[in-house]
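Chain lettering (A, B, C and D) follows the sequence in which the chains are written, and residue indices restart at 1 in each chain.
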Amino acid sequence: MILTVVALALIVVMAMAIARAFLGPTIYDRILAVNLFGTKTVLLIAVVSYIAGRPDFLDVALIYALINFISVIAVLRFFEYGSSKVNDKVGKDA
Amino acid sequence: MVRARDLFATVMLSGIYGLLSASFFILMDAADVAFTEAAVGAGIFPLLMLTVLTSVGRYEAERRRVRYLPLFVMVVLAGALFAAVLQMPPFGAVDAPSHGHVAQRYIQDSPAEIGIPNMVTSVLASYRGFDTLGEVVVIFTAAVGVVVILLGGRPKTPQQSTQALMAEHKVLRVVGKMLIPLILLFGLYVQFHGEYGPGGGFQAGVIFAVGIILYAMLFGLSNAQRVVPLGVLRWLVALGVLIYGSVGLANLVVGGEYLNYSMLASDPVTGQHIGIILIELGVGITVASAMVLIFFAFTRATRSRDELEE
Amino acid sequence: MADYYNYLIVVLLMVMGLYIVMAQGNLVKKLIGLNIFQTSVFIFYISTAKVSGGTAPIVIDGAELYSNPLPQVLILTAIVVGIATMSLALALVLRIKRAYGSVEEDVILEQDKSC
Amino acid sequence: MPELITLLSSLCLLLGAFLIFSGGLGVLRFPDFFTRMHAAGVTETMAVTLIVLGLMLHSGWGLPLFKLLLILLFVMITGPTASHALAKSALHGGLRPLGDDSNNERH
């Protein structure tokens, strides 16, 4: 019961994160939204695995926590690479 | 997603899309699939996309007009598909035809015949082993294709030092150092735990590749290539397929059928076990090295592109 | 209608992906459309595998009804094969960029014609 | 004793859910990037800890407990690191926090 409430809250927050990812306005907001979305997905999967009574799904949550971190690093690296071309546009990205 | 002109935003959204579809797979009871989609759809795909974007530029050309012909075709197609879909069995129906034939047999007999609880793994590696062999070969071919397209036919660019790449991010480096062993360990766990829980060669391969890619991102490509040189990777890609194929041949030698592992040991169930472990190992090696190879090739290609511009 | 909503989502995603592939001029974006299309097929297979009341096809005590493992196997391999072929396509895009200096369809076609 | 543990776990879970919700609201409603990041970052670690703690109490001894611990460890390490890196590169990329007038002519 309580697990369901938590899952619902998580889904609502995930929807909020998607809204933020769509709205922007800067690229960093989008990255933040993706990061938030990822963490919430980790929790959602953990909670769902308990709702379904299959704790072995926790492996999937674990891999999510990992992937999430890596994608943030990948994004930052992307900026470092194309710094001369990209950075000046970053702040006022539409 | 359709309208955003900034390709970078599109890639970010497609990362969310990968996460979303993986959560959906979890809700649909497909833990193994969610595993793979998590690592691929949310991890490797955006990563490769980003690498490509560094080369092709972040912004798309201006295009404001809507294309009406494709739109029309799509509306018609959607209508036709909706009509067709209503003939499908309802969602979640127990008596749907697709659950009829072999699926029942897999569910009822595979725990006894193969002796492992994860039906997905037993179907993947044993019942449909030939199919999986084909898929591993496809991955191998794709890796070879990427190498030929991006690294072949061109003098090798001198490797520049990429030490300064992430030098500003000391925190990231330290945390990365802590995480990479964990990731690799987790990859091994997934590789060898695939018979009992969600996991297996495909997932483990991707996780392993992600660990090495993380290293390459934090410490520079040349350092990563010192750890796993391209030549070794090329060998490994082929080695995985070779292991897979030769397990099949070994079955023939001991008098069984191709990729039917029952004869590998005196007890058929043990034989199946040995066969599945070996095959998953082959799959894991191929997938991991193919992904790392593809990533290295992409990074090198975009790097040399930048050098040419300068 | 409520019994068919999964198919509706699949059709929507599929059409959306296909539209992106057809209507967008940027090759990278076309590939993203292709990815959406691909995922819609994955969702289609996985949702046909679901049995209501069933649980994941990993044997545990006390479970009678399992979801269908076969479509899951097909999609599991399809995802990894999909990323491999997708990376091949991305490699081709990189190569096109090197050869033509652009990844916009119009520009490439124009250059081809002028040759 | 089991009742107490159930109560504690429910409490943790509910508190975590509330924190997550407030964090999500903050990300959606706060005026600029750094405040949004504050909402996401601060609530994230606390909420994740609470929810995972709740699940741990819920699950009892076993392999799942260990995995939850690993998830907690992971999120606790990666979350702040990602936030740090993100904030740093945002600052580097030219974003300024609200109220920071150091770029204006008045100074």
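Just so it is clear, a residue touches a chain if its C-beta (ideal position, glycine included) is under 8 Å from a C-beta of that chain, and two chains touch if they have at least 3 such contacts.
Chain by chain, the UniProt names read as follows: A = Multicomponent Na+:H+ antiporter subunit F; B = Multicomponent Na+:H+ antiporter subunit B; C = Multicomponent Na+:H+ antiporter subunit C; D = Multicomponent Na+:H+ antiporter subunit G.
Small disclaimer: the values here were computed from a predicted structure and weren't measured.
Chains joined by the most contact pairs: B-C. Here the spacing of chain B and chain D, counted between their Cα centres, is 30 Å. Centre-to-centre separation of chain A and chain C, using mean CA positions: 21 Å.
Per-chain CA centroids place chain B at a distance of 13 Å from chain C. Listed for chain B are residues 29, 31, 53, 57, 168-169, 172, 179, 197-198, 302, each touching two or more other chains.
Multi-chain contact residues of chain C (touching two or more other chains): 55-56, 58, 60.
Residues of chain A found to touch two or more other chains are 17, 31, 33, 52, 54, 56-57, 59, 62, 66, 68-69, 73, 76. Across the assembly, chains come into contact as A-B, A-C, A-D, B-C, B-D.
Listing the residues of chain B that touch chain D in their complex gives 168-169, 171-172, 175, 178-179, 182. On the chain A side of its complex with chain B, the touching residues are 17-18, 21-22, 24, 27, 30-31, 33-34, 37-38, 41, 44-45, 48-49, 52, 54, 56-57, 59-60, 62-64, 66-71, 73-78, 80-82, 85-86, 89, 93-94.
Of all the residues in chain D, the ones that touch chain B in their complex are 74, 77-78, 81, 84-85, 88, 92.
Residues 1-2, 7, 10-11, 14, 17-18, 21, 24-25, 28-33, 36-37, 40-41, 44-45, 48-49, 52-53, 55-57, 60-61, 63, 66-67, 70-71, 73-74, 77-78, 81-82, 85-86, 88, 90-94, 96, 98-99, 102-103, 106-107, 111, 117-120, 123-124, 128, 131-132, 135, 138-139, 142-143, 145-146, 149-150, 196-198, 200, 202, 205-206, 287, 290-291, 294, 297-298, 301-302, 305 of chain B are the ones touching chain C in the complex.
Those residues of chain D that touch chain A in the shared complex are 10, 13-14, 16-18, 20-21, 23-25, 27-28, 33, 36-37, 40, 44, 48, 51-52, 54-55, 58-59, 62-64, 67-68, 70-71, 74-75, 78-79, 81-83, 85-86, 89-90, 93-95.
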